[in-house]
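Common to both upcoming complexes is subunit A, partnered first by subunit B, then by subunit C.
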Partner chain A sequence: MSVLQHLPLGRFIEAASRGSRQTKQTVQVSFIVMLLMAAMALFSANVNAEVPNAVPPEGTYSGIHVEQPIEFPHDTHADINEINCMYCHTYARRSKVAGIPPTSKCMGCHSVIATDKPRIQKLTEYWENKQPPLWNKVHDVPDFVHFTHEKHIKRFVIDNEDLEVENVSEVCAFCHGEVKKMTVADKVKPLTMGFCQRCHQANDGPSDCWHCHK
Partner chain B sequence: MSLSNLIDDWSRYRKGREEGGFHDYEHMWGMSIDLNKCIGCNACSVACYAENNLAVVGKEKFEKGQGMHWLRVERYWDEPDLGEERTSEFQQHGASFLPMMCQQCNAATCEPVCPVAATYHTPDGLNAQVYNRCIGSRYCSNNCPFRLRYFNFWSYYEDSWPAPLQMQLNPDISVRDMGVMEKCTFCVQRIRTVKDTARMEDRKVRDGEVQTACSQTCPTGAIEFGDMLGMYDPESGVAETRVTKMWRKHQVELGKTKQNKQTPDMRGYRVFEFLNTDPCVMYLDRVREV
Partner chain C sequence: MSFSKIKRRDFLKIMGWGGVGATLVGCDLPTTVTLEEGKEKVVSYLMPEEYVIPGVGVWYASTCQQCPSGCGIHGRVREGRVLKLEGNPASSVNKGRLCQMGQASLQAHYNPDRISKPKIRRGSSLVDATWEEAYGLIAEKTANISGSKFAWMTGSISGHQSVLLQAYLESIGSGNHFVHETINNAVWAKVSQDMLGDSNPRIRLDKAQSVLSFGADFLGTWGSPLHFSTEYAKFRTSPRGILIQVEPNMTLTGANADLWVASRPGSEGALALGIANQLVSKHGLSMSGLPGSVQSLIRSYTLDETVTATGVDADRIADIATTLKRRSPSVVLAGASAQGHEHGYQCVAAAMVLNVILGNIGKTIESNGEFAYASMAPVSGNTQSLVSFSQAAADKRFDVAFFSGVNPVYTAPKSLGLKESLANIPFKVVFSHFNDETTAMADVVLPLASAEEDWGTHVAPYQAGVGEISIQQPLMEPLSTETRGFGDIVLTLLKKRKESAYEGFADYYAYLRNAFSTIPAEHKNGASDDQFWADVLAAGLIDVGVKEASLKVKGVEFDMPKEMGNSSAMVLAPSARLGFWDGRHANLPWLQEAPDQISKVVWDSWAELHPSTAKKIGVKEGDMVKIASASGEINVKVYIYKGVHPDVIAVPLGQGHDAGFSRYAKDRGVNSLSILDAKVDRMTGELALYSTNVKVTKAAKTDDVLVRFGGSETQVGRKLVSTIPADVYERTEGGDHVA
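For the complex of A and B:
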């Protein structure tokens, strides 16, 4: 199968243009597209260049866009400012769920950074009212599935000696897509049993039914 | 898929039985239940209801035999009938109790009859039931000599957990819907959690680390649960788990149809051993003064 099939190309450009509309930097669109093309050239040379010792799962999905109380820009945080995914989603490496950071973590930076932006003002309002923003769940697996982030992070990041921890977003992108190119995270991978199973077969994961089904 | 699963399970079992030791298995979870200690309080059954999201079906459906108790405590009256003197349904003496949960047979009769391989044997020596694969043919239940599989004839969740009681459901196990067979899993969600933790810490599962809800709750400690492959744990110096020790002491061995008992006084037995299903639950017979 060609690599191009797996790249959510339309979403890249869409996310890039969305990001630029917000930051009012039209130059950045062409820059990101160029970067994307360079990346594609790199990809077609070697599929597994990004994450060593791992075969990424196959399959894409175009789901509905989930509205969030605040349009959280993942691209500003993870791509432009290069904040590690696990800085905010800190539970990913030690529990089943990756978790959403408490508002106090947001306020740790945003009590001083970008306080003039309307989204931050909205966040500050939540913080002062002592109400958390009620984020909507985007990546949801059925109730009969047991999934732990912990073990997957251990296999692909912690036990993966060749992987720099700065590149952890490439591992996250296996199942979550290129979230760092999106504003609000969209579901771009199917997260079906076939999707899981193909990756488990390619990476020697367990295939016992009761490992995942409960 | 289903056929290859079945053949794999069977050849793994055959190899373990012929060579002894069941070394192809990751674990072999087993139980030992001391009926001398059992007081028939049903706490284990209640714990099971709470732990495994079991539906409470109500009196009428229960009388039709549609109860969903994965662990039932059976009563037997072993005192001779008192005749006319017997005034009540319950005799004053002579009740003995037998907690019955899925016996997790190694040569399980339920497995080969499933048309969709929803029940199969895991490398942990557990008899698994995959709920979202089950189509509700009920062959397995009809083929179980112990009658320890329970079928969801109805959807119970609305009646069983009216709001806000659904908040107390265990998130680690799914709530089964109408048309699905279910049974005791040896609290697989607890086993899974402990195995995950052990793997994260790069060590083996320790003896006594996994507790099923029933063994945790039993007020007299009649139910013991553990791995029967005798995991060696250098930290505690335990070479043999408590359950393995118990089985060896009472001269009951896995993979045997007829136990070779040197000392007939030893109380261990397995239910319906002659059927050769090789259960993983050993009972210790009750001794009483006559």
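For the complex of A and C:
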């Protein structure tokens, strides 16, 4: 019971809306489910606790699964082969957008690696037609929100002396979840203003309106 | 339900609670705040340049095309889109500044009303066609044409576009190049040429201690406004120069003046001669160098005579002369409202005579030197070309006419009858970005690439002693695949005429690239050809120097008609603004939305009227008046304002476009050029824009209101700025303190 009392109000609302969206559960979620959720939240907090000098944002979300032109396996790249997120999303530390890597970057490896796989053959077809794939956007914020990857990477990675840069995926996971366990990315964090706000409060981020709304 | 039952206080309470509710709930409601996943596409680069980072802008240099000044610009490009323009600090023209017209260039580029396909006339309407059809038709109509039957009207033009255009005219054997700009310095250029031997002398505002300007709106529309704005800033720094502006209605420059004198249009020359008389008779300055007839003309303009001729107070005239003498060196300028008369040349010449008497020639008026490559040198437009083209069209002298960078059907007063006489030209080709009054008369419309999509080289008409060629390069890929650059079109037309010299150039870029390969080695600083080209593109310009030249004062005889300035009839002043310019920018919402510098009116036309005149006519602000000239009439709302001569009604240029021009300019205001009389300056043939007599009467009020942005002329008792009459101050605070 004491665990529940410490759950923020927002968790209930998310649970409710998620329920009505997918499983038609009512707001009256059973006590056991609630406990399980709380346990899961604690567990995931423990995973994120690997990022020193940071309090991970709280909140989860269950987005719809978005089909992509090529089912890109994040797990193969980031988990099995341990490629750093910032190797492909190289713009994240330099720009407001993390950027989809240019097709030339994919082909840098895949002109020789795994060329027999159907997904790679599809990619090669795009490359030879000089057309980058049209990916479907999964993570986005409204136009009136000015979000910049660069500032967040600076705070949690570049200026964070205690963080091993190999663990950068834990920082990315703050807002994107454990993408390295997914194939194509799904949205698992709410990315709402409340989600941003609580993290900014916990990590002494700026709280002026104009920092994000300009 | 009645809204009046909710009191303001209740309303605020409800709003307050609503707001709190929104912050508590709204922040975490994914359904209302987050976006739908998977609905938008995100596209990566195929193979980006190394310096390209999505989300981070890259700046490229180019040249502004919004007015003929030729300012250098930098354009911020992000993800393949040009997002923002700024001035290029390396450009001697604008030194890093950019005006509102330049900023709004993006809205011309992204404008939803741009023409995206060539059009050919079929019967009474223009229908979409292919480029091959359009080129084929042009080739057919120009195949056996005699040179005298062909004409091309352009706006001010320079650089390699000018070279190609001349080549095309030569290929046809035609010398009929009409260069038209409504806003011009043509009379000033002619007077300077006649009296100083240089049509484009350098004005050293930075060296001057005082400026007397007869309607030269050098901060807004005269010469090179951005250049003179930076020079003006130097003029105003320590010791602070004194600016005196004489004009019928206040311009942006007039609003910045220390002394603003309202002049009846046409009396400027008499006032200049009266001041000259004072300088000679009271301050002992010499008239040597001036012809005897001009000397005796000056002697005849005694103080009494000048007061009679101009209506300006005797004390004021004496004060201006004293200021110019004390604050030397000075400079005297003349602009649109001084030159816009049948004796416009004489008015400007009288102003130039003041420069001679004050000894300004060689001090604040110098030579700009001569641009080294004559074929690329700027050709500046005027209105004499419009008048002579209209006449030639009426006389059925042309079989084929091209129009580019101009909209003469809009800018020509109805009294010239241009619209009607265009029917006498069987085949008309219009190069344009937008449908406008002139494309409506066309047989072929060629859609141009925007200034942000095109290549070009430009030589600014006014450069302070340097010879810069400014590069125009595309800031992004064309938005439409069916538009073509001006240079590309002319190059294709030349190839269609079997001009073998141009066969080797695949496109205009190849032509320009080659031109820069062949530039003399002295300009390349030892760089390789490719490095030189890269350097020029990065800098946005290259200074190829000027031939040294100096000014020589020549005696020019002129007279001054005595009866001018005495008439009491109302005169229409079609004043120009840095904004809509000659009307070409009325389709840009940013410029419609920007409050006028003087009246603060938005999205509309208005007529400036002096309070005493308004009282006489019986109108107040926002009322409609009918302005009737011998050539037509317009109905427009009144803005009552002290910065206008009581005999003048000023209706700024720009609005009153035909419906086809743009969704943003549609049904807005009136075109004051349309009702001008077809009078011209007798010496230069320039349209006398400030000499149309009109009758102003109250018209029926409409529901339409005059929308002005803020502003009130009273302080409504708030004492924002405390004032006290001088005599009261002396009586109450003690006269000893008054200097």
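Going forward, the second predicted complex is superposed on the first by the 165 of 214 C-alpha atoms of A that agree within 3 Å, B and C clash if a C-alpha of one lies under 4 Å from a C-alpha of the other, contacts with A are read in each partner's own complex, and residues count from 1 in each chain.
Operating definition for what follows: contacts are C-beta pairs under 8 Å (C-beta built on N, C-alpha and C of every residue); 3 or more make two chains touch, one makes a residue touch a chain.
Remember, predicted model here, so these are calculated numbers, not experimental data.
A.B. asks: Overlaying on subunit A: subunit B and subunit C, fit or clash?
C.D. replies: clash
A.B. asks: Touch test for A:Lys214: subunit B only (first), subunit C only (second), both, or neither?
C.D. replies: After superposition on chain A, A:Lys214 lies in contact with subunit B alone.
A.B. asks: Where does A:Lys154 make contact in the superposed view: on subunit B (first), on subunit C (second), on both, or on neither?
C.D. replies: So A:Lys154 only meets subunit B here.
A.B. asks: Check the contacts made with subunit A and report whether subunit B or subunit C touches more of its residues.
C.D. replies: C
A.B. asks: Just subunit B (first), just subunit C (second), both, or neither: which does A:Phe144 touch?
C.D. replies: first
A.B. asks: Applying the document's definition of touch, where does A:Pro52 land relative to subunit B and subunit C: first, second, both, or neither?
C.D. replies: In the superposition, A:Pro52 touches no partner, neither subunit B nor subunit C.
A.B. asks: Using the touch definition from the top, say if A:Pro101 reaches subunit B (first), subunit C (second), both or neither.
C.D. replies: second
A.B. asks: Who does A:Gly205 touch here: subunit B (first), subunit C (second), both, or neither?
C.D. replies: So A:Gly205 meets neither subunit B nor subunit C here.
A.B. asks: Now that the structures are stacked on chain A, which of 146-154, 200-208, 254-262 or 452-460 shows subunit C clashing with subunit B?
C.D. replies: Stretch 254-262 of subunit C has C-alpha atoms clashing with subunit B.
A.B. asks: Across the two complexes, find the residues of subunit A that touch subunit B and also touch subunit C.
C.D. replies: Correct list for subunit A: 142.
A.B. asks: Of all residues in subunit A, which touch subunit B in the complex?
C.D. replies: 142-144, 146, 148, 150-151, 154, 208-211, 213-214
A.B. asks: For the complex, give me every residue of subunit B touching subunit A.
C.D. replies: Within the complex, subunit B contacts subunit A at residues 120, 122-124, 126, 128, 130-133, 171-175, 188-189, 192, 196, 199-200.
A.B. asks: For a test of understanding, state which residues of subunit C touch subunit A in their complex under the given definition.
C.D. replies: Counting only subunit C, the residues touching subunit A are 25-31, 33-35, 37-48, 53-56.
A.B. asks: If you look only at subunit A, which of its residues touch subunit C in the complex?
C.D. replies: That would be residues 10, 13-14, 17, 61, 63-64, 66-67, 91, 94-97, 99-104, 127, 130-142, 187, 190-195, 197 of subunit A.
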